[in-house]
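The structures come next, written out as structure tokens.
Shared between the two complexes below is chain A, which pairs with chain B and chain C, respectively.
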Partner chain A sequence: MSAAYHILLDIFPLLWSGLITGCLYALGALGLVMIFKSSRVVNFSHGNVAGLAAFLIYGFSSGTLLTLSWSAAVLMAVVAVIAIAFLSYAIVAPIMAKSDLTATIATLSLGLIAQGVTLLVFGADIVPLDLPLPRFSASLLGLRITGYDLTVLAVAVATIVGLFLVIDYTKLGVAFRAISANPIAAEICGLNLRSVHLFAWTVSAVLGVIGALLIVPTTFLSVTTVATFMLQAFAAAVLGGFSSLPGALVGGIAIGILMNLFTFYVSPEFTNTFLLVVILVALNVFPNGIFASTGGTRV
Partner chain B sequence: MTSLLSVKNLSVFYGASAQAVENVSFEVSPGKVTALLGANGAGKSSIMKAVGGLIPARGEIIFDGAPISHFPVRERVRRGIVYVPERREIVGELSVRENLVLGGYQISAAERRNRIALVLDLFPEIASKVDRGAWRLSGGEQQMLAIGRGLMSGPRLLLLDEPSLGLAPLLVRRVFERLGAIRSAGELAIVLVEQNLRMTMRLCDELHFLRSGRIVGHKRADELKDETARQQAVDAYLGATESEPRLETA
Partner chain C sequence: MSDSILTMRQERSSLDLRKMVASERIVAGAIIPVLILLPLFVAGSWTYALGVCFANSIGVLAVSALVRYGGEVSIGHSFFAAVGAYSVAILETRAGLPLSISLPVALVAGVLCGIAFAWPSRRLSGIYLAVSTMALALAMPEIIVNADTWTGGFEGLYVSKPLIPGIGIELQRYYVPLVALAVVVYCLSRLRQSRQGRALLLARSHPAAADAFGTRRAWARVSIMGISGGIAAISGAMLAFASSAVSPTVYTFWSSIFLLVGSVVSFYGLTLPRALIGGAFLTLVPQVLSGSGAWIPVLYGLVMLVVILAGHYGPQLSSILFRRGEKR
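Let's look at the complex of A and B:
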């Protein structure tokens, strides 16, 4: 067997699993970008709130808090994060009016509060949180494709396509794009900026829960699991320019694949360092992201 | 005839001490065009923005018999007051059609479709480019889009802030032709801020002269039919020496 063949054998699974985790980073990054585009705030509480949601699903379904079915627990957690999103926006919006930077810093404290609540209610221990996934595994071109992979792919594709359709083709999507590009124009036209902001914050929160739910089965659930995951989502958003939705998507997948390749070929210990290097290089080479927006960018 | 808009003792402050508008009062009758004339910095845009609800102001604003000073922009738009801003504020990232959708955000989908058709009828220049990015429009086309967007919600009062700004004379004439058409349809009142006095005279019924945030004079358009009278009014109210070069009287 040639060396090239072996490299290919290695690389396909790496690309595949990079794509899968990349989709999840993309979900997280899309949420960050939705909020940034509409409100000019970097929401640092994104990871901790999504983490709290994952714990709530655990709490609602395991008997720790309630004994609900898995889907009822998810539904309750989604309702909870939407409530948290509204509350966060209510706290951040008045600060936003004065300074975007201060508002961004305020989200840091909201994140710490979410983390504190998680610790208070669920403790610092690791808990199991499984997804009811189809048990399935198949081999294709040396790839092992599992039910988990297909679930992530299906959910991510459906969510992202749905989101892009809403942004591109609905009145609300027009409002969202208008507010991101020219809030004064949107105000002049009589739009309620608040409700469009809330739409973005709500969508972002839900995307966060979906991302958290899908990432947990690959590891375990602790207070920091989801926040750490959101770090990669953050990197993905930066890579995509932080104000482009397609950029977040491509950035997420790129980060997923790059990190996988680095871990395998170079060193698993320095993956996060590598991630930071990627961000720094990206910021220097593409200061406005790989999807630098021209006047005509759609999403 | 009762007035559609009645502004009483309007004052606008930027910060604690900088007063841009001082106790301005005027009336606008339904379907009439009222012009605000004044040098740069006289406070024209500030008055328009205050009436539109975009900046805070003191004093009374009565629209269609109801006080509206405490309403946010969207409620004023809903009631029929639309501001078409000085620098157009087109959303370049949206298509021409989407800009129009934005203008008719609060009306029903069916009504919106009708009004888009109406606006495109009025401005054939942009009709052929309706699904292009608005950033690709020329300056004149952007101004038409801004006015068209302003018409989308079916307003009864349009606050038009310097529609001729930055346009070549030919385009200015074309924009004013369209405004004339809108005006002769009769239902829409306009408050017009313009540096181009000749074009303004073709359109307006009343003129208010502004100086340093105050109304210093008022004329009916028929009092200023001939050029000498016009020049005299401008000299008297805006000051012969101070009369800024951009105010084209001829």
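Let's look at the complex of A and C:
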């Protein structure tokens, strides 16, 4: 009786904090899926660019580069990241038309450059990056709910609901769905492929910044933290099937909870190995994602 | 109409290709004697660097073979290299076995790991393989560090047994990787001529036709990953032998990406000169830039991007130039 009670006492906080970090993985995964759905490219520079953005916010607000207020720093970093997204798309788009594989390799090289620039400007040291969060903490059913948790939940829900509303109801969103379903037919119908691609790349970059900003308070900010955070996002996207937005959302939360349970009950040292196993198992059990519709292929 | 233009262009480019292959064969024929005689003339530090360079060249070949025959990109080949390197190192420290026994073991281990790894994603498109290789590369260092009773943890292990007793170990650290590189290049050129190689290429370029001829795509995916994993394991074994030590810092996610950089820089070539270009790029650039380490990723990324863009825009540019030449 008391053993079961203790397990329950352990498991609720684990599920709760898993849900919180899972929302952040979902934000990262949504960005990857947006780009993959519309342009058939896996953007391997996603994590590195988001990491660069987090460092830019640190640099703009701490006085390393500039001394701005926090919101101005965030705004400038978002502008910088959108500029990077446009530039990346301008470089990758012509290659994309010819070979998805080469375009994917090109995003890797962009990621290398982003990583190198971060190292050059900010060095390899760990820096603290604080968020102006409401100081708040409450206890509910044995859970400790902090201001950070609620902020993350609120921002993630607002962003994701907003994104889904845009995709479901606006013209741009309809064009996005049309292009991801059948790019050739969509172009024949007069849709502008380029503007929809740019929409996807921009939204993805902004989602990456939001995810990076919110994940940083749980760890420190170093050159590698955000890039490793993105492995979880990749795992979430694979779990969701890589071309389904709801799949990415559910995958992200599932990964967050699974990771938490694994680090608590098994081992905190093998997190990447665990993710590898999750990815491999997911590929075997749900090869097309959790929400896969079954269908045949035509030869 | 457009079809005939396309085939004409393809014929022209395949003619160019044949010329290039022929010229590369001449270059390879000239390079081999030079490399054999080189240790007589240069200092010991250079033979050491070149030995490491040959080992890296084999790793570059592993990635290029996967791209060429499988149409897949891997950013996790440091895993297979680590499997090879640690097979050699552990067999030496635990059982006292020399390279002549541990190298075949490393090769088999690499092939098995490649097959085991490609199996889950055998029916899926290449991006899944790329993402799971990324997880593989990120998982490897923590496995090595935590299995420290076998792998020596952060400190790593030493590899000091010579392959042939009685000959100076410095010379062996140069010649053994060179011979291995030559053998791998030869085997890959035989693969291109063989039934298996052609079946793999067909499965890559015309999957439906390959299905009709009885080549299953899943088989093609798994077998090329096995071949590539085996080559990468040889590269790791050679790297361990040439640098006389293994440690987890050599087999990280970044080293996987660097292998891909080397492969891109050599235009995914499977010939000896191309492999040497890729290997030299990986070995010599960090030495030259050792004072300013942060520039290495920037430089690698830029070079990779320039090579990709050159490969993309090169044919267009040359055709524009060619037409201008005709008008004159």
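Going forward, the second predicted complex is superposed on the first by the 291 of 299 C-alpha atoms of A that agree within 3 Å, B and C clash if a C-alpha of one lies under 4 Å from a C-alpha of the other, contacts with A are read in each partner's own complex, and residues count from 1 in each chain.
The definition used in the following text is that a residue touches a chain if its C-beta (ideal position, glycine included) is under 8 Å from a C-beta of that chain, and two chains touch if they have at least 3 such contacts.
What you are looking at is a predicted structure, and each value in this text was computed from that prediction instead of being measured.
Annotation for chain A, partner touching more residues between chain B and chain C: C. Of the two partner chains, neither chain B nor chain C is touched by A:Val155.
After overlaying the two complexes on the shared chain, residue contacts for A:Ile105 are found with chain C alone; chain B is out of touch. Of the two partner chains, neither chain B nor chain C is touched by A:Leu14.
Residue contacts after overlaying the shared chain place A:Pro287 against chain C, while chain B stays out of touching range.
In the superposed pair of complexes, A:Leu131 makes contact with neither chain B nor chain C.
In the superposition on chain A, contact of A:Ala72 is made with neither chain B nor chain C. When both complexes are overlaid on chain A, the residue A:Ile82 reaches neither chain B nor chain C.
In the overlay built on the shared chain, the residue A:Val166 is in contact with neither chain B nor chain C.
Overlap of the chain B and chain C contact sets on chain A: empty, with no shared residue.
Taken together, the chain A residues at the contact with chain C in this complex read 36, 42, 44, 91, 94-95, 98, 100-102, 104-106, 108-117, 119-120, 123-124, 228, 231, 234-235, 237-238, 242, 269-273, 275-276, 279-281, 283-284, 287, 299. By the touch criterion stated above, chain C contacts chain A in their complex at residues 67, 71-73, 75, 120-121, 123-124, 126-128, 130-132, 134-136, 138-139, 142-143, 146, 208, 211, 257, 260-261, 264, 293-302, 304-305, 308-309, 311-313.
Against chain A, in their complex, chain B makes its touches with residues 52, 54, 73-74, 76-78, 82-83, 85, 89-94, 98, 101-103, 105-106, 109, 133, 135-136, 149, 153.
Residue ranges of chain A in contact with chain B, taken from their complex: 171, 174-175, 177-178, 180-182, 184-192, 293, 295-298.
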